[in-house]
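Labels run A, B, C and D following the written order; every chain starts at residue 1.
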């Protein structure tokens, strides 16, 4: 454990605490007496700034603590009892949330994926087939669409792709929910084709991830139309209402001041870019060419074992008998010096 | 809203941020790269210190974010499907958690209370009656006992009372769960008759509240026997697993260094004591004489309206046509100067 | 077990099979090929007859199998996630359904009762207090009212009482749900003050119990305004959709032909009347004077033990050290000869 | 609707009432006074006969009303909170139960299928991969295996296949649950390779379907090891406990007297065999060659429309632009004359 501190760390994008400006503000405001449950003025200010950043004055903004919690609360609050949520089979809610959605009584209805993304045409076919099936009253109704941006594979939806998906959702009158746990890295990507106002225009609800992008914890949920009735009660019922809501409000207030959120995420993109070039120069093959802060590389197993002694990274999946797909993640906090050191080890 | 900052604040015990030592440690450790989900060395160190403070080396310790979340996760993890949890009708889980327990599929079975406390004899009678009822297979089985210490009314269980309740639980082989959202104020009370090792000996699971006693957020759950199998998965499933578990580990590590937790809670007890004396000296009547950080006073409605202009406090219940019960709460952060100012207003 | 058949049986009102006319119709129609899931012509015909009997042409009628199932399906289909159901503390859903309501995620909010009945004024106060509580967003919203008619104690609501309760519900815009598992015995009672059209006018949903009144199984649910959207899917989801819906449709079609339902229930009232008179003549005390098919008597414990050798009845509750409250139930199938035999044993 | 009665009916296997012997027994026993909730002597007798037919004296047998209900109750009673159930993607619980499993909080984990069947090797790989994944504490644990016999496509597991699957389950210590909604047609099939004692030996729990094989309603659940603790309470909690349990007991008592269950199911197999030969003789192509009571045929769309005027059958799926897969089902009640009439229409 002690050792990990000295090793190079590319295991994930939540290994450090918070951005310095965030911490400073927590310090400055610490002894202010503020009302609880998100009703303080920092929450209010953060809401305003987020509405402005989204160019969406009518949005309802709430702050929750983590990603799985946010997915669970948002989905269970928007679905009717007879409905499930459509997601890629590789979606985080489909695989890595310990059944949090099912725990709330709802099925995750899966679509095939292309590098983590769902396609508007598959979605449309699913919906057509469902309503075309004479037996559909015995089935789970598709009640909303979930996607993540970036996806589990670090890939990005283009504006056109999002527009097509959004159009299908609106045709069938089901909300589109965008999981933005790593949204900062999507917005800061050089390939970024959609910005916050696009997302606010195309999604019915989405969240702006803080935990993986400069905050100690926290996700800002944006309902672009309207939050479900009594949303605070629903949040409380799922044990997700923070007494000291200030902790979230202050952090997002800082992150959405002077475009800090995007600026600090840029670092992850730049360091990931350098690292990717280093891999390619040394002849490594990428498994998926992600334009964000996650690099998926195919490693020779021997090389993998050797690297493990000096650097942490994540196992992704077996490639073949002698190769493995692994993930290197950068973040707002990644030091270019670390990248250089890692490059030397390749 | 702005105004609230200048008013005297006795509304609750979570109006400020964190104790300074806690914040300082968050700052110092901020850029350390640590593994996620509570597996970092600060969490480990905090666990050790808590086990020592409880004189209970075999305890399993976990960190969760807030009180309702902790109640929901612990109860839903320990109960079988056919079981409910016994609590006072005034218990927090019975009334003020928006149905969080029922949302997990379990009934809260209520007992009468005496100043917020349940009595061993009522508990025993409930259990005897249940198993004596030939029809009990059509009823919800009593599967655990919930109590809070201090209670909703700021009162404390004596060691004898806890021992009696614990004995009934062990006779019927159902776990005893102690909600310690304000445990610090119980331990620091001059009337304190039970300490952490007593609680660890008598309860099967309890938590040490951080949110209301010096932390930004966080509750330390102590399973004195053993955590339920795959507890981490259950926590994840309820959306309560923090990626940056360090945030909780670091805070509790500080709070359990050099007895800080108890020391800072002492301030709430002392300021509450002063305030109580001021009320009594001015001829006010107490609704309940709480030995912790909550003072329940019966106010003449006119006086109440006048006070509201200068100080925040909580409505508790109507007393009679012209009087109201209100609550003044102190905390680790209450300034004696504020108490003095308030006393002058009485 | 064998022995029970020869004993006098007053244990409950579901000890026999079905009324002869019901069985005959099942026999006659047995080989007809009918579509499933309640879409057959007998279901349709039964629905029509029930709508007529209720004088409520716009009602939506569905058939379910049993009482607890019906309570669970109706309540879980009508409540929003943030809502619970108000009921008497002695209500069937509060006590004897093994937590079926909580299993669907909803709290049962209890009111005091008077001989099993809730009072409009208590209901009104509950709702006023709830909305008057500044903290109510942290509480379970009262989302519907449940009552049973007859109640658990065999008592009946008067028309005035029902009208008052209905008025409160409509003022607060929450549905009134009437559990009619034994509705036949209410309608046939000499004290009957409300008939089916009254109930259809005052309740938003209710059911007409078949299981305890002439059917092998089955409860007819009547939504007087409109069934919840996709109710069939909700029923299926709770495992309550019968493939051979005909089994329910045929039975209710017979029961609602030529007023059979009320006629056969009359027998329970008459035999209960005789039995009650027998008890009173012999100097027994009634615990509650029920005008329906349940007689609650206070028995000397010795007498109780003696009677147990010859007749089955239900334990209700302890009265004092030497007395017990027990229940004798009659039904559509009770033979006056049995009543005579029992009277002789008193 | 009226018309349907005169049309040939091959839509499903639950279009008629009950086998005549079953109805006669209901008639004979109708006025016997019997205790409720499955404690009567007919239930006991049926349990005994089923245990004998299974050659499994220690089995726990319970009676439930329908298939989806049984799947939901059994699965939700056996799974731990952190577990899901493995099933074929085409399994009934995966697709056609309106999310009944998810409603109880559990995920259906899907495997690929081969003509509706899962393969032991796929199951083994799934389990190996799960436990091999370092991240599996964030995933739903595979807690039991569900399969149906016959499958959704009318196909049968061979003894060898079942043994292999059972072995994997026992290696990983997860129960094997066999959905036998149409088990009678499996046992009566000429291809039958497994009998009741085999199933009782290889599965941990299974059910013998009555609804589709001679009963008005009812499924007999057999726990070959032991029922979950307080199973009756769990059944009640899900609204599945029948007051007049006799209705189920009497029916199964008759069906398991003199091998009636198997004998009457033989009729479905014979009529399906005749019908299949008729299709093949006329040059139709089978989509799947099922050895049980369901025939999946590829019809030219024009022919399909023509047939629809005279016979009911089920749409299964589109085959190509001009062809459709449809299903013809026979049952214990199918008349050979009807088969002859249908053959003439081909």
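The rule we apply is simple: a contact is a pair of C-beta atoms (placed from the backbone, for glycine too) under 8 Å apart; a residue touches a chain by one contact, two chains touch by 3 or more.
Keep in mind that what you see is a predicted model, and the values were worked out from it rather than measured.
K.L.:
Which neighbours does subunit C have in common with subunit D?
P.N.:
Touching subunit C and subunit D alike, sorted by label: A, B.
K.L.:
Distance from the CA centroid of subunit A to that of subunit D, rounded to the nearest Å?
P.N.:
Using C-alpha averages as centres, the distance is 42 Å.
K.L.:
Take the average of all CA coordinates in subunit A, do the same for subunit C, and state the distance between these two points in whole angstrom.
P.N.:
Centre separation, subunit A to subunit C: 51 Å.
K.L.:
How many Å are there between the centre of subunit A and the centre of subunit B, using C-alpha atoms for each centre?
P.N.:
From the centre of subunit A to the centre of subunit B is 33 Å.
K.L.:
Multi-chain contacts only, two chains or more: what residues does subunit C have there?
P.N.:
Those would be 81-82, 97-99, 103, 105, 137-139, 233-234, 236-237.
K.L.:
Which word fits how the chains touch one another: line, ring, star, complete or other?
P.N.:
complete
K.L.:
Residues of subunit C touching subunit D in their complex?
P.N.:
1-2, 4-5, 9, 11-12, 14-18, 20, 23, 26-27, 29-36, 40-41, 44, 65-73, 97-100, 103, 211-212, 216-217, 233-234, 236-244, 246-247, 333
K.L.:
Where on subunit C does subunit A make contact in their complex?
P.N.:
Contacts found on subunit C: 76-77, 80-82, 105, 137-139, 141, 229-230, 232-234, 236-237.
K.L.:
Hey, which residues of subunit D end up touching subunit A in the complex?
P.N.:
Residues 81-82, 84, 95-99, 102-108, 134-135, 137-140, 315.
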